[in-house]
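Next come two complexes built around subunit A: one with subunit B, the other with subunit C.
And then the complex of A and B:
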């Protein structure tokens, strides 16, 4: 049941909303829990067992951590300082063991189901004498998302950020909430718990706003992303037959597709959750206005980046071996390198994590390392750039330089997206080679119009992308487009809303002649 | 409900009305104005009934590829003078048959509906079949959901034009095939008491279809044309149970095939899945005989208004080589 299907939008969401509105406040969260499990069952059937297993592990780990903390607090009363230290050490050891077991358990499920074939294949290829069976498992829906969310929850409890919930149903809802289970955003318990559990009465404005956001997401997904899918599939599937200019267009359109689709999906799910008064975390903040790749990743898939920062980067940075490395670097290098070497070491694990999280394949690891290489190069070359700007008397915040930086970031991101979409790293290299060595702009238009998109398709994609761009520019200037529109007179508002709905109905790539396109990020 | 609530309700309903008007208007503007492939209609063969003279079709045949391969309206015409149209499509589900019938009933006062039963067992999950049912209903109620993509081709002067259906489907929806690829395997209709369950969603659509026939005083006949690869006795039993429960006649041509001279070696085009024109002729003549004995259908052969059918039959004979 896709988020863009009538079944989800008209029947499922409608029925859940009616039940949620009809039930008394204290039972409302149970409607969300039951509907989330129904949604999961419909999409994943028996694989729901893995979601349950992770939920049980995390729930009990949380309860154990609470007990350990409570017992320690009691035990510490009346003790001397030295004895308190001993208790603390013992408690820390126990807590670490509980967290390690729970996180280890849920990550083992993820690793076995998602990565065992990849590991077996890699080992078999590297060592000819090994013959591990390359087992491929069906992946439970959203396993990469709920595993991170579950791990984040239990690590936060361990770190004392909040107390674990002792209500199994509530933990189960936090991990399975249907709008975010397929593609995130990866939620944090301290932000989600209250809105999820407190129950909200019917609110007309909230309902309208949620529905508007859903339609805006549908516009991005069906009008823009799905329309370019045939072209992109053809170019990436048979790039050898096409000139570099067509491959470049394929890369640009894929970048547009993945952005329109992923951010469109986030709008649909954020709108769905908004109807129930649950604000989901922001996952995008106009990433294509970024002046550096670093900034791009702070604006793209924000919750994944934040998760890796909080639970990988910081964990690595605060680990003993890393501290030792840091000390060593500061002692043996100058100040600049002394802080940079350890940081690039910690970043390596973060980017390896990002690449590996996206999929079980070398190209995904290469995808993570591609960005790692760009970022570390930027960090190490920073003094050089500073000297260059100073020599050329270029102001660092001048408009032309910023435009150049944005364009440079877009080019680097398109390169990364092409790697992400290409079948293998070899294919990606082949495509880039074509772009640089046989651009072949002659006959470009003629060929472009034979790859599944006609003139009208290009026109509608261009108009759709322009609408997205205009709205992004307004938002970048600090204008809240939704609120501004809501302040307009009724005829203006209604014209805008009706135009949005009709654009989806008429210009959406659905129905006869179109295959339903699964969400790209739903496959991770 | 307080004053604010009432105001909000009125506002929401008014906006829905605006949307409804837009959807109805765009449905009218984007709907194909002709039932030819060039006119943009989906499955022109199955939609040829639009251009048959009004109320000239007495029998509507719906179902999947088994139906358009194995039922010959022109053989039925030639032998019994009954007018029929096969509005079948590949993988047509019962939900889709239902919406197709609704379209037919707008143009013709159908006396009998023949529903090919192979589509009862189209395997799809509950959610998928529900989605298909909703899609079919949305497309049937507002053609913009089915034909929205015509914005690319529609000319400005076509937008407000009334439909003018011009396609002439000589074979009346039948897929003519002179191919012969016989089935050489063993008997597949082995008697059993077991049943293959008709999916819940199919039953829901079936119930709607049965109700629609009852409300419009249209007779309904379940028909299973010979198909070695898709039919079985378990399916026969399941359909028979449902038909008996609803008081519907079920004609299964997989049983007692010898009675109408059917031969798997010569009457199939693809090794036992679909019938060829010869198989369709044999099956249709058998069905025609049954209809003539059990249904009060009119023989239009002497009626001047139907003389085109004779010309179509001649053309049909020229195309059928087996």
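And then the complex of A and C:
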């Protein structure tokens, strides 16, 4: 049941909303829990067992951590400072064991189901005498998202950020909430717990705003993303038959597709959750206005970046061995390198994690390392850029420089997206080679119109992308488009809503030639 | 407080640290700078800043950083 299907939008979401509204406040969260498990069952059937296993592991780990903390608090009463330290050390050891077991267990499930074929294949290829069976498993829906969410929850409890919930149903709801189970955003317990469990009464404005956001997401997904899919698939599937200019257009359209689709899906799910008064975390903040790749990743798939920052980057870079490395580097290099060398080590793990999270394949690891290479190069070359700007008397905040930096970021990101979409790293290199060596602009238009998109399709995509761009520019200027629209007079407001609905119905990519396209990020 | 300002100045020169009201929101301190800062604070004040302390509220202004350092010194 896709988020863009009528079954989800009209039947499922409608039925859940009616039940949620009809039931008394204290039972409302159970409606969300039951509907989330029904949603999961419809999509994943028996694989629901893996979601349940992870939930049970995390729930019991949380309860154990609560018990350890309670016992320690009692034991510490009346003790001297030194004795308290001894208790703390013992307690920390116990807590670490519980977290390691729980996180190890849920990540083992993820690794076995998602990566065992990749590991077996890589080992068999590297060592001829090994013959591991390359087992491929069906992946439970959203396993890469709920595993991170579950691990984040239990690590936060371990770190003392909040107390674990002792209500199994509530933990189960936090990990399975149907709007975010397929593609995230990866939620945090301290932000989601209250809105999920407290139960909200019917609110007309909230309903309108939620539906409005759902339609905006549908617009991005069906009018823009799905329409370019045939073109993109053709170019990436048989790039050898096309000139560099067509490949470049394919890369640009894929970048547009993945952004419209992923951010569109986030709008649909955020709107779905908003109807129930649950605010989901933001996953996109107009990433294509970024002036650096670093900034791009602060504005693209924000919850994944934040997760890796909080639970991988800080854990690694603040660990004792890394602190020692940092001191060593400061002692033996100059101040600049002393601070960069350890940081680049810690970042390596973060980017390896980003690459690996996206999929079981070398190209995904290359994808993570592509950004790692760009970012570390940027860090190490920073003094050189500073000197260059100063020599050329270019102001850091000048408009032309900012336009150049945005364009440079877009080019680097399109390169990264092409790697993400290409079948292998070799194909990606081949495509880039074509772009640089046989651009072949002659006959560009003629060929472009034979790859599954006619003039009308290009026009619809261009208008759709322009609408998206205008709204992004307004938001970038600090204008809250949704609130501004809400302040308009009723006829204006309803005309805008009607135009959006009509655009989805009339210009959405349906019918012959357009199969319902799965969400790209729903396959992780 | 002076020691803290010296450390901050060393990590990122040219910022009016005592007047800045949102070091995180205004991207003055990013995750790399925070790690450098934590290393320096741990050494200078003999404290242990752990990942749980790394929340925007603790790094919002020079004063909130100072308050965190004082709290960890007392623990």
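One rule holds for everything that comes next: the second predicted complex is superposed on the first by the 522 of 524 C-alpha atoms of A that agree within 3 Å, B and C clash if a C-alpha of one lies under 4 Å from a C-alpha of the other, contacts with A are read in each partner's own complex, and residues count from 1 in each chain.
Simple rule for what comes next: a contact is a pair of C-beta atoms (placed from the backbone, for glycine too) under 8 Å apart; a residue touches a chain by one contact, two chains touch by 3 or more.
Because the structure is predicted, anything quoted here is derived from the model rather than measured.
Within the superposed three-chain model, A:502 lies in touch with subunit B and out of touch with subunit C [touch as defined at top]. Contacts of A:5 after superposition on the shared chain: subunit B is touched, whereas subunit C is not.
In the overlay built on the shared chain, the residue A:204 is in contact with subunit B alone; subunit C does not reach it. Once the two complexes are overlaid on the shared chain, A:317 sits against subunit C while remaining clear of subunit B. Applying the stated contact rule after C-alpha superposition, one finds that A:289 touches neither subunit B nor subunit C. Residue ranges on subunit A touching subunit B, taken from their complex, read 1, 5-7, 10-11, 42, 204, 454, 456-457, 494, 497-498, 501-502, 505-508, 511-514.
Residue ranges on subunit B touching subunit A, taken from their complex, read 5, 8, 12, 15, 18-19, 22-23, 26, 30, 42, 127, 130-131, 134-135, 138-139, 144-146, 148-149, 151-152.
Interface residues of subunit A, counted against subunit C in their complex, comprise 159-161, 294, 309-311, 313-315, 317-318, 323, 326-327, 335, 339, 342-343, 346-347, 379. Those residues of subunit C that touch subunit A in the shared complex are 10-11, 30-32, 35-36, 38-39, 42-43, 49-52, 54.
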